[in-house]
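Dropping the structure in here first, questions after.
Note that the chains are named A, B, C and D in the order they appear, and that numbering of residues resets to 1 at the start of each chain.
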Amino acid sequence: MHRLNFASDYTEGAHPKIMEALAATNMMKTSGYGTDEISERAREKIRLACSCPDAEVYFLSGGTQANMTVIDALLAPYEGVVAAETGHISSHEAGAIEFTGHKVLTLPHELGKISAESVKRLMEAFLADGNREHTVFPGAVYISQPTEFGTLYSLKELEELSQVCREYSLRLYCDGARLAYALGSCENTVTLPDLARLCDVFYIGGTKCGTLFGEAVVIPRKGLIPHFFTIIKQHGALLAKGRIAGVQFDTLFTEGLYESIGAPAVKAAKRIKEALIAKGCELYLDCPTNQIFVLLDDEKYNELSEKVVMSFWDKPDESHTAVRIAASWATTEADVNELINVF
Amino acid sequence: MHRLNFASDYTEGAHPKIMEALAATNMMKTSGYGTDEISERAREKIRLACSCPDAEVYFLSGGTQANMTVIDALLAPYEGVVAAETGHISSHEAGAIEFTGHKVLTLPHELGKISAESVKRLMEAFLADGNREHTVFPGAVYISQPTEFGTLYSLKELEELSQVCREYSLRLYCDGARLAYALGSCENTVTLPDLARLCDVFYIGGTKCGTLFGEAVVIPRKGLIPHFFTIIKQHGALLAKGRIAGVQFDTLFTEGLYESIGAPAVKAAKRIKEALIAKGCELYLDCPTNQIFVLLDDEKYNELSEKVVMSFWDKPDESHTAVRIAASWATTEADVNELINVF
Amino acid sequence: MHRLNFASDYTEGAHPKIMEALAATNMMKTSGYGTDEISERAREKIRLACSCPDAEVYFLSGGTQANMTVIDALLAPYEGVVAAETGHISSHEAGAIEFTGHKVLTLPHELGKISAESVKRLMEAFLADGNREHTVFPGAVYISQPTEFGTLYSLKELEELSQVCREYSLRLYCDGARLAYALGSCENTVTLPDLARLCDVFYIGGTKCGTLFGEAVVIPRKGLIPHFFTIIKQHGALLAKGRIAGVQFDTLFTEGLYESIGAPAVKAAKRIKEALIAKGCELYLDCPTNQIFVLLDDEKYNELSEKVVMSFWDKPDESHTAVRIAASWATTEADVNELINVF
Amino acid sequence: MHRLNFASDYTEGAHPKIMEALAATNMMKTSGYGTDEISERAREKIRLACSCPDAEVYFLSGGTQANMTVIDALLAPYEGVVAAETGHISSHEAGAIEFTGHKVLTLPHELGKISAESVKRLMEAFLADGNREHTVFPGAVYISQPTEFGTLYSLKELEELSQVCREYSLRLYCDGARLAYALGSCENTVTLPDLARLCDVFYIGGTKCGTLFGEAVVIPRKGLIPHFFTIIKQHGALLAKGRIAGVQFDTLFTEGLYESIGAPAVKAAKRIKEALIAKGCELYLDCPTNQIFVLLDDEKYNELSEKVVMSFWDKPDESHTAVRIAASWATTEADVNELINVF
């Protein structure tokens, strides 16, 4: 039986324009490891979109890989990375950060977000600790935009975080796995140039935002990480045919595709959310991007599961289940209608 | 000016059939991380091609990544991996093996190959060493087929290596980055079922053999590496859209494409080699696969470099340069003719 | 000015009997790395004291070193270690566990202790998690006896923990940095044979219990960690003159010295505690071993600090400071009287 | 039966003056982790002996530990350490360097020594390699003085090495496990101030030169390794009772003990060597410090082994064995006479 599939934002292949570009360039001969002209063109377009002409840009194949490679490169060996206890690196990357030798220092979160104030408190406690030389030094702060809960840092919040980080010599790193869905949200106030101005490193997510694979790591301040190319290789993250990622990001940053690819998904999520509320559904939590978190009683959950693939999110009590419904760049109006109908 | 490009076997995108398959499946919705039906179909075809119905198969994105993830998973923490001093892991992976905490124990090579005899000698010396508990324990043997020099292990050589490894409880791992060009060589005597029978793990190279990216790691004996899925994730090597690799290997293992994709490249290399010898060129070393290693005097080298992109290989003396010319599945007869002409 | 010193239980050198033994054996010639007869004699005495004739015993130089070496050896690469959030490995070892590639998975504590129930809940949640293959696998449980707060696991609590660990295939490891002060407490119900029966590995602390340095790692089930000698060397923890540790533990396990060395310190702590309470002091927390945790208003704290070296413990509010006072095997009655007088 | 023991230079405990100092200070109360006044006094004396008033000095417990902690701290994550293929870190530390994530890049040796010229060639080859970003960057050079073969770098050789290192931005690190026996050799031309002037880090060996344990790591240029204290802790190498090492080095650097402790051992070795040659023994290799390497036919070897404990060194052919005889600060004239007699 056909089931609707709203399990995640990476259920399809690539945006049709990307497939076209891959086909069009397929038999071109280029040099490897991202040294080709297409990758360079993609980098140049990303620099432009970020208003950051000196930025270094590297294409890696996935999010965990980008996180572990960047964070390991940003930290001194005796430093750890500060993150929300719900951050992807804290909970769902199989210990990849610890694999590189670093501790994740967790902070409490509010719907996936950490505050400048909590970072400040952490640093003040660290600096006041007479035994701090026996502990892990906080070296960087990890955030995600949108967060794992689909929520957004406002420009003000990000500026405050950035300021606290600079005050305490912490590097600020933003995981943008779903960044297109932040940019596509009408509640969003943080632009790519803002990220480039306020973060030390961030990545522009491809895998969940329309590519076959690939994330673009942006280092606004050139030279911040010496020999990052070699570090990428050492972490097993260097793509031999780097241009395959380059072609995809070249397409995403042509005619503003990346900045516009998320909006329909966010609108679809909004439509679904409003319809579900109208039908009496209770939200488990509310966010302004492409994901909807709904609380269902278990009977309803089991019944729906036969018709729609959703992601299990939580089991808050004996008789209820929280599920995640994800719209994406590939979600059609027909899908949305059908989903609303089955609820 | 247009230059011919014989720099490597990964200058193009993917084999046209792969591009077709990617396009045909692009808007399918599937689950992530390789749990989809297309990936499973690809795995099943690989098991069949390897005559190994119980094999575990995992798709990773690149060769260094596969090497570091597999070798780290195969070794106990106090073990190292034995490899030719010219092995890719010894020399050209930026220390990725050491990054995972393991030493590469090098052996001398003959055109990239190590012998069962040299492994045996190493193990006998290790076992005879009264201080061996102060040294790194040899735990696995790394070979490549074809080697970094394009040479091939014969079936007899591989059987001997495998036997020595089993005698000394060493795991045998084969890097098949260019495996299709071994299978496409008329001098080859080692089949996929032979690899499955004689190795503990091997990978079937995609990136250099016709895919956009991707290598298929084969573990013939199911359960050899517990929780390898999680280990892959921990090494940053898990593909969210795993099916993109699955589609490509599904295509490569349909109607024997993988087994036949290398032969034209090997023939092209043979034609080039013979023509160059006929023109008075000296081979730097000879191999039966898709690469040609030529010794040029520097004047000739500089002159040719304006017309053909080749790989620098070595500088054996003041006035000569050794270069590598690589044919691939994408090399056309026109390319070959043109290359021969410019020499 | 002379200040009393109750800062820690490692302010002096070694117990006089140990100094005698070191002097008496000083010019003996023995083999290195713990292969000498004195070390073997010490191991034999420890096996006897633990009623565990097959135990492996290794002498390492310090607690963090023992923790990182043992835990790394006990865990599979994809596993983490479960510990109280206040556990020494969680908070005060500069990320040594993460340095070996493993995550510390923290549990809430009650005065430094974790419960079998909380371990069970963690494991049930882990096993119920459909995404558990994307997370760190719990592989071992770390506890300390006494804990960092000087509290003790009862035999019942330890048996429950041990049972839960075995049920879920978790290895149980006990850090006994201050073990002599547990054995010396009249509230203690856990013997060395109990530890050997219920733990997979534990260490008998020397540094804080009367040696110049050294901890005795006990592996009750022989062969549990293959090649642990080499793993010790690899972690930089192998002592060339291993017998220096051997001599010290030989002394500690002669005529029950280890089992009796802690009692006077515990009694001293009890006297101090009662006298301080009688003088109106408030305990910050109460424990039955060799440490006293007192809450002082800051004026009193500053005044006392001129006369006694204590350890800062916490700053619970603006005007109070919690301090730790540690008695040890070396604490004299005169010290105790003087301390009580200055309060 | 009583056997003479010339197996190594760490068969005894500590020099009598050290034992006296440990006894004299045993019941002093001091702060931990090397922050005490005795450790500081020892550091001050070492600075003086090295004519290096700003040097940082840290006491670690053993040689492998010092090597792995220092080298890991000196290298960027993408760098490896250059060493003789016979260097202790290359061959006899169980992969401790690789455990910290770094490759050992080996150079050929001459009796344990590497030359400035060979380092220069390595660096020129590295810099000329168009693929160097795919390889491990040489970041530091490891030497030992004396070497594993008991040989010595001359001042000229060390100056040349130091100059090449500075030219190519390599840090120079010297393992001084047996440094006292270099200082005690009449062929020696390298002083402690020379080491401080020419190396970036070196360690002054204690374990093999008269202490119970302990090595003094000297960083002549203050601040070279930020937060080295925490790095030591993270590597499990921080001594809680740091003063026990401090007392020992305080003694070694009082009245020139360290500079004089090796000379008798070197003289003893010379006497043994000359007597053995006079008796017709063949040297396996010749060195000017405290070790003698003799080639014996196997019959003689077996016969002697019943009377003297020596170290097996090599088995150059079917019927001969090379052995190492080590004199030390503790070797008596009676021992020497007896040894000569049994040969």
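Simple rule for what comes next: a contact is a pair of C-beta atoms (placed from the backbone, for glycine too) under 8 Å apart; a residue touches a chain by one contact, two chains touch by 3 or more.
Note that the coordinates shown come from a computational prediction; the quantities given were computed from them, not determined experimentally.
*Asks:* Could you see whether B-C or C-D has the larger number of C-beta contact pairs?
*Replies:* If we tally the contacting C-beta pairs, C-D comes out ahead.
*Asks:* Validating interface symmetry: for the copies chain A and chain C, is the fraction of residue numbers used by both over half? Same or different.
*Replies:* Both copies touch with mostly the same residues.
*Asks:* For chain B and chain C, let me know how many angstrom lie between their CA-based centres, rounded off.
*Replies:* 50
*Asks:* Centre to centre, by mean C-alpha position, how many angstrom separate chain A and chain C?
*Replies:* Taking the average C-alpha coordinate of chain A and of chain C, the gap between them is 42 Å.
*Asks:* Quick one: chain C and chain D, Cα centre-to-centre, how many Å?
*Replies:* Centres of chain C and chain D (C-alpha means) sit 33 Å apart.
*Asks:* By residue number and range, which residues of chain A touch two or more other chains?
*Replies:* As it turns out, chain A has residues touching two or more other chains at 77-78, 93-95, 99, 101, 133-135, 230-231, 233-234, 238.
*Asks:* Which residues of chain B touch chain C once you look at their complex with the stated criterion?
*Replies:* 72-73, 76-78, 101, 133-135, 137, 226-227, 229-231, 233-234, 238
*Asks:* For the complex, give me every residue of chain C touching chain A.
*Replies:* 78, 80, 91-95, 98-99, 101-104, 128, 130-131, 133-136, 312, 315
*Asks:* Which chain C residues qualify as touching chain D in the complex?
*Replies:* Answer in residue numbers: 5, 7-8, 10-14, 16, 19, 22-23, 25-32, 61-65, 67-69, 93-96, 99, 207-208, 212-213, 230-231, 233-241, 244, 309, 330.
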